[in-house]
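Take a look at the structures below.
Next come two complexes built around chain A: one with chain B, the other with chain C.
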Partner chain A sequence: MELFTISMLNGLSYGLLLFMLSSGLTLIFSMMGVLNFAHASFYMLGAYVAYSIARLVGFWPGLVLAPLVVGVLGALFERTCLRKVHKFGHVPELLTTFGLSYVILELVQLIWGRTAVEFRPPPSLQGPAFTLVNSSVDGLQVLWGAAPDAMCRATDAAVRVVCSPFPATRGFMMVVALAMLVSLWLLLTRTRVGLVIQSALTHPEMVEALGHNVPRVFMLVFGAGAALAGLAGVIGGSTFVTEPAMAATVGSVIFVVVVVGGMGSLAGAFVASLLIGVIQTFAVAIDYSVLDLARLVGWQPGAQAASHSLLRLTVSQVAPILPYLFLVLILIFRPKGLLGTREG
Partner chain B sequence: MGQRQFHFRPLNVGRWFVWGAFALLLLLAPKLFSSSLAVTILSQIGIAVVACLSYNMLLGQGGMLSFGHAVYTGLGAYVAIHALNAISGGSLPIPVSLLPLVGGLAGMFFAVLLGYVTTRKSGTPFAMITLGLAELVFAMSLMVPEFFGGEAGVAGNRVVGKPVWGISFGPQIQVYYLLAFYTFVCTALMFAFTHTPLGRMLNAVRDNAERVAFIGYNPQRVRYTAFIIAGFFAGVSGGMYALNFEIATAEVVGAARSGAYLLFTFLGGATFFFGPIIGAVLMVLATVLLSEFTKAWLLYLGLVFLFMVMYAPGGIASLLMMNLRVAAFGHLRNLWTAYLALGGTGLVVLAGAGAIVEMIYHLQLDAALGPTVKYLGATLNIERFDTWFGAVFVMLVGLALFELSRRQFNHQWAEVQTDIERTLRRREDAL
Partner chain C sequence: MNIGSISASRRGFTLGLMGAALAAGSAGAWAQAKPLAGQTVKMMWIDPLSGLMGPVGTNQLKSLQFFAEKFSATNPAGVKFEVIGMDNKLSPTESLNHLKAAIDQGIRYVLQGNGSSVAIPLIDAINKHNERNPGKEIIFLNTAAVDPDLTNSKCSYWHFRFDADTSMKVEAMTTFIKGQADIKKVFLLNQNYSHGQQVARYAKDALKRKRPDIEIVGEDLHPLAQVRDFAPYIAKIKASGADSVITGNWGSDLSLLVKAATEGGFNGKFYTYYAGVTGTPTALGNNGAGRVYQVSYNHYNMGGQMDTWMKEFQAKYSDDFYTGSIIRIFETLGAAMAKAKSTDPVKVAPALEGLKLTSTFGGEVEMRKADHQLQQTLYISVWQKADAKYPYSPEKTGMTLAPVAEFAPYVSSTPTSCQMVRPS
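Presenting the complex of A and B:
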């Protein structure tokens, strides 16, 4: 039970991080039709910029400043490069961001080096947020902060006590992602800015005729999307590891999220990222293979089959490819994605 | 029309001339560049040409931006290397020279399998799905060591059995001629494909899929069929790779290779058939030679790519064709001074910027090797202020001059273009 709860929370927090990333991507895609290939690069940039700021003035200013810096860089890129390419169509736009991802990767390695940097969360976020104590006598208990050692040690050999701490950084990740989700939703549906943004998508001429500067709206949206990626980068970089490969590790997963959720659907991206986060986290914890399953139903494979690596693969080993399998299944059975509305 | 076209039936002289020159080039290239490094590079260029052309069947002709083309070349290479081992083991009675075909069939098989899922969508979703599938295959390659050989990959030996007519495929030059033969045949076949009804439909699907559906074709099926054919040629290229390198590692299905196909096909020019050939040559030269010269080559590559997308989205091929048009109307002599100015000032900018980049890379990566960098025959000292100042100064002066000559060039170019338009209109009126 405590394993389930902790895995569920871990999965949700990872899913929410994915959502933070894919929300920026979805925002840019649904607004401008541009698939930002460099989105994961902005995520990496956010982590590195926050690392540098954190070394100077501390983590909390970095949490605010780094997304702003990344957002400004994103807006600058839109203003100087993407806008020029806009007239050639969507594929060159995508290719521009593809080229940018190469350049950002090289520049990051140039400035911060090719190995991982030590980007630690602040002391207030280190250690567990709460601990689940499961005792075979007293049942399940929740304790804020770390549980005292005495509680985790069973006094009697017959009593089984398991303590599962939940890291504070992951809790923080969930809080920030949820706050971001709510504020994004409020901004888009409840404010005049959101109204202009949404109508600039469907009726750019009309919005322009009403006196709004549509190219500037696009620039701001691109900057905002990049800033969201930067924010995710600060949190992801301090929770996991800040290294030049971090863009590649999330890069393709967030595309899977966007396709599975339905292109351009923010709610779909939310559902898909939670699903993928939970599936992947649970898969890592399951140590069974096809072979074990076969033995379970009473079939004894021969020695040659038993040594075949495909049959011996455990679910935890295939965990990294599960999102892509999920993608293929979704495409076969529901090509427009979970909550998507348009096809093709 | 008053255009001069050499079109003598039943022989199309122009076409025979172009293909004859291509065949001659493939035949004579190793005679001109006979060092062993050159022959190795030429062999790799042949492989890259087939891969880039097959990629352009998707990108340029079908409007399908794939991020996973290395899946088909790579799986083709894997199957070919296993076939090679089967030939050595005596269980597969085919000559080694047919290995590329084995790779091709494998590429086709995987394109049939995976293409069914990927080609259900077009445009941006297609791009993302191919990316996802490429990740899937790459992750699988490390999970199934039986087939993929794990980290070390699968190795083979192409020298099998008795030599036929003295050809054992031991020396690189013999392999080169086999690869050149395949390159020529594949290029010809792919060019022929552009003239088939299917090739034309593919262009129509790229330009307006809705309209294609309206006149009764299924755009999805056209894309799928083209995808399978592109997969076949990609597999042939993979088989050629296996034959050339005698090894296939997980890297051949990796994302970096797919990215390289995309990058260089685009740089060469996706809008013309011969564009990817230029791209393939550049790809081999950049990955083999440029990476030896400078550590910053990926940065240069990314920047060149960005500038190309922004200022010349048709790639090098379109730049060539534009200037051929200018030359055909006899205007190139008006422009050559402007080109000289552009090229000269551009080189100054590049020299300055390159010096800065090289010094920064040196500072970051091998500062332990001492404070000096060798750059274009000169020795730069990164600890002295005047080197930095000099580099920045050269770059800024170059930029200012470049901007001046660029304005002059733009002016002249526009003049030449209006002149060409006027000539064309006059010719039309004369008819």
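Presenting the complex of A and C:
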């Protein structure tokens, strides 16, 4: 039970980080039709900028300023590069962002070096948010903060006590992601700005005729998307590790989230990221292989089959590639994604 | 007859000259002590300078160049070492291209170590080249590729390994574990490729032999450098009831694992291979103090000459020196060349075989003749706060690796199945 609870929490918090990452990508795609290959690079940039700011003035200003800096850089990129290639169609746009991802990677390595930097969460976020205390006698208890040592040690040999602290950084990650979801949704559906943004994609001439500056709207949207990636970077970088490879490792999985959720659907991205986070986390705990499944249904494999490496592969070993399997299945059976409206 | 007498008289003349030089005093003695004075030994280093393992490779290339300079001044053969670095991007194909370039440039010594996945194709290619091009043989000096196959089923006369292989490290690690009565349940977590799989396999065998009471409560393999979030693995390790984890993980896979363990409330110990390698000390930080052990042929507090060098290296590059095998390569190579009175691999290889010497650090080492595996002392060290006794702090973390156990070469020496084919 306690393994289930803590795995669920781990899965949800990882899923919410994925959502933070993919929401900006989704926003940019749904509004501008641009698939931004450099999105994960903005995530990395957010982490590094926040690291530099945090060293000067502390973590909290970094949390606010770094996304702004990244947002401004994103807007500048849109203004100076993306807008120029926009008239040539989607492929040049895609290639431009692809090129940008390499430029950012090299720049980051030039400025901050090739090794990991020490980006720590602030003292208030270090340590556990709450602790699950599971005792074979008293059952499951939840305590805020760290549990006292005495509670985690069994007085009797027959009693098994397990304390599972839940890191505050992860709790914070969940809160920020949810706040981001709510404010994005409110912005897009309940404000005038949102209305303009939404209509600028489908009817740009009409919006322009009404006196709105469409290119500027696009620039702001791109900047906002980059800022969201930057915010995710601050949190992801301080929770996990800030290093030049961090963009590459999340880059592929956020595209999975966006495609599985349905291209351009914010709600879809939310559902898909939670789903992927939870599936991946629980898969790690499953030690069964195809072979075990075969035995379960009563089929006794021969010696050759029993030693086949593919059949012996357990679910936990393939956990990190499950999202990609999921991607393939979605593309086969529901090409528009879980909540997507666009065909193909 | 005639020619013979000329050459004989020339030899006499040379001997006479040498005698005169000897009589002249110290300068002559020096000339005789350093038979190859003035010759340059070009070496090509083929390892990653970019990508995931880039930071490690960059550090090692600096280390090589630093010690090439040091040993050019002091080696008994009197040769000058020159190292050319080539970025192989951790790819076997790129490495073979660089090998070809080395052959074209007449370089006879090749160095590599990051990844047995590269070392194996490289030695295969060198074997073929040496067979087909007598007189142009190349020697492969292996700095860190620890796949035991390289000195067993795939052993080669032209390959020499200066790191301790996985089986040796597991041997030392489990000998240490044997004395730790509080270890009862072990979890094996490793990267899913040859190195990780071998750590798991040898650890299981050795534990069964030395501590049959220890229960292996779980075993997991995860993809190399793909996992960001180790919390699910920690939850699983905790649920298994393990008190210790044995892992061959390196780089971010090790640091993230320990970080997740600290946050997830796992209080067990980690027995690792690469806690001191670029990036990991920073990522470990204060996490895992007293709980992360490393098995290696050196550590950050060897003292003596090593200490002086490490400080000098740190001052020069503001980086830490940790690939001690580099020192041993220059030590043994210098000694072998002096013994062979030649820099030709054909003569140096037999001189390297069975070579014994007292190393600058870690006592006596021997390049075992049977499989070309260096026999050396192994150390277990633990991650803890740097103090007056163990002051060297990698990456200025305020932490250090303090030695807790030392095993003489015979303890971790493992048998070999190598059937070496020596050129006749």
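To be clear about the criterion, the second predicted complex is superposed on the first by the 327 of 344 C-alpha atoms of A that agree within 3 Å, B and C clash if a C-alpha of one lies under 4 Å from a C-alpha of the other, contacts with A are read in each partner's own complex, and residues count from 1 in each chain.
Just so it is clear, a contact is a pair of C-beta atoms (placed from the backbone, for glycine too) under 8 Å apart; a residue touches a chain by one contact, two chains touch by 3 or more.
What you see is a predicted model, and the numbers here were worked out from it, not measured in a lab.
Of the two partner chains placed around the shared chain by superposition, chain B is the only one that A:102 touches, whereas chain C remains out of contact. Of the two partner chains, chain C is the only one touched by A:249; chain B is not.
When the two structures are aligned on the shared chain, A:70 is found in touch with neither chain B nor chain C. With both structures placed on the common chain, the touch criterion links A:25 to neither chain B nor chain C. Of the two partner chains placed by the overlay, only chain B lies in contact with A:331; chain C stays clear of it. When the shared chain is aligned, chain B and chain C each come close enough to touch A:320. By the document's definition of touching, of the two partners only chain B reaches A:81; chain C does not. When both complexes are overlaid on chain A, the residue A:272 reaches neither chain B nor chain C. When both complexes are aligned on chain A by C-alpha atoms, chain A residues 114, 317, 320-321 touch chain B in the first and chain C in the second. Contact residues of chain C toward chain A in the complex are 52, 54-55, 58, 192, 218, 220-223, 225-229, 231-233, 235-236, 238-239, 252, 255-256, 259, 263-265, 278-279, 282-283, 285. Within the complex formed with chain B, the residues of chain A that make contact are 29, 33, 35, 81, 84-85, 88, 90-92, 94-96, 98-100, 102-103, 105-107, 109-111, 113-114, 248, 252, 255-256, 258-259, 263, 308-310, 313, 317-318, 320-321, 323-325, 327-328, 331-332, 335, 343-344.
Note for the complex: chain B touches chain A at residues 63, 65, 117, 120-125, 127-129, 131-133, 135-136, 139-140, 143-146, 255, 259, 262-263, 266, 296, 298-299, 301-303, 305-306, 309-310, 313, 360-361, 364-365. Within the complex formed with chain C, the chain A residues making contact are 3, 6-7, 10-11, 14, 114-118, 120, 128, 131, 162-165, 167, 169-170, 240-241, 243, 245-246, 249-250, 280-282, 284-285, 287, 316-317, 319-321.
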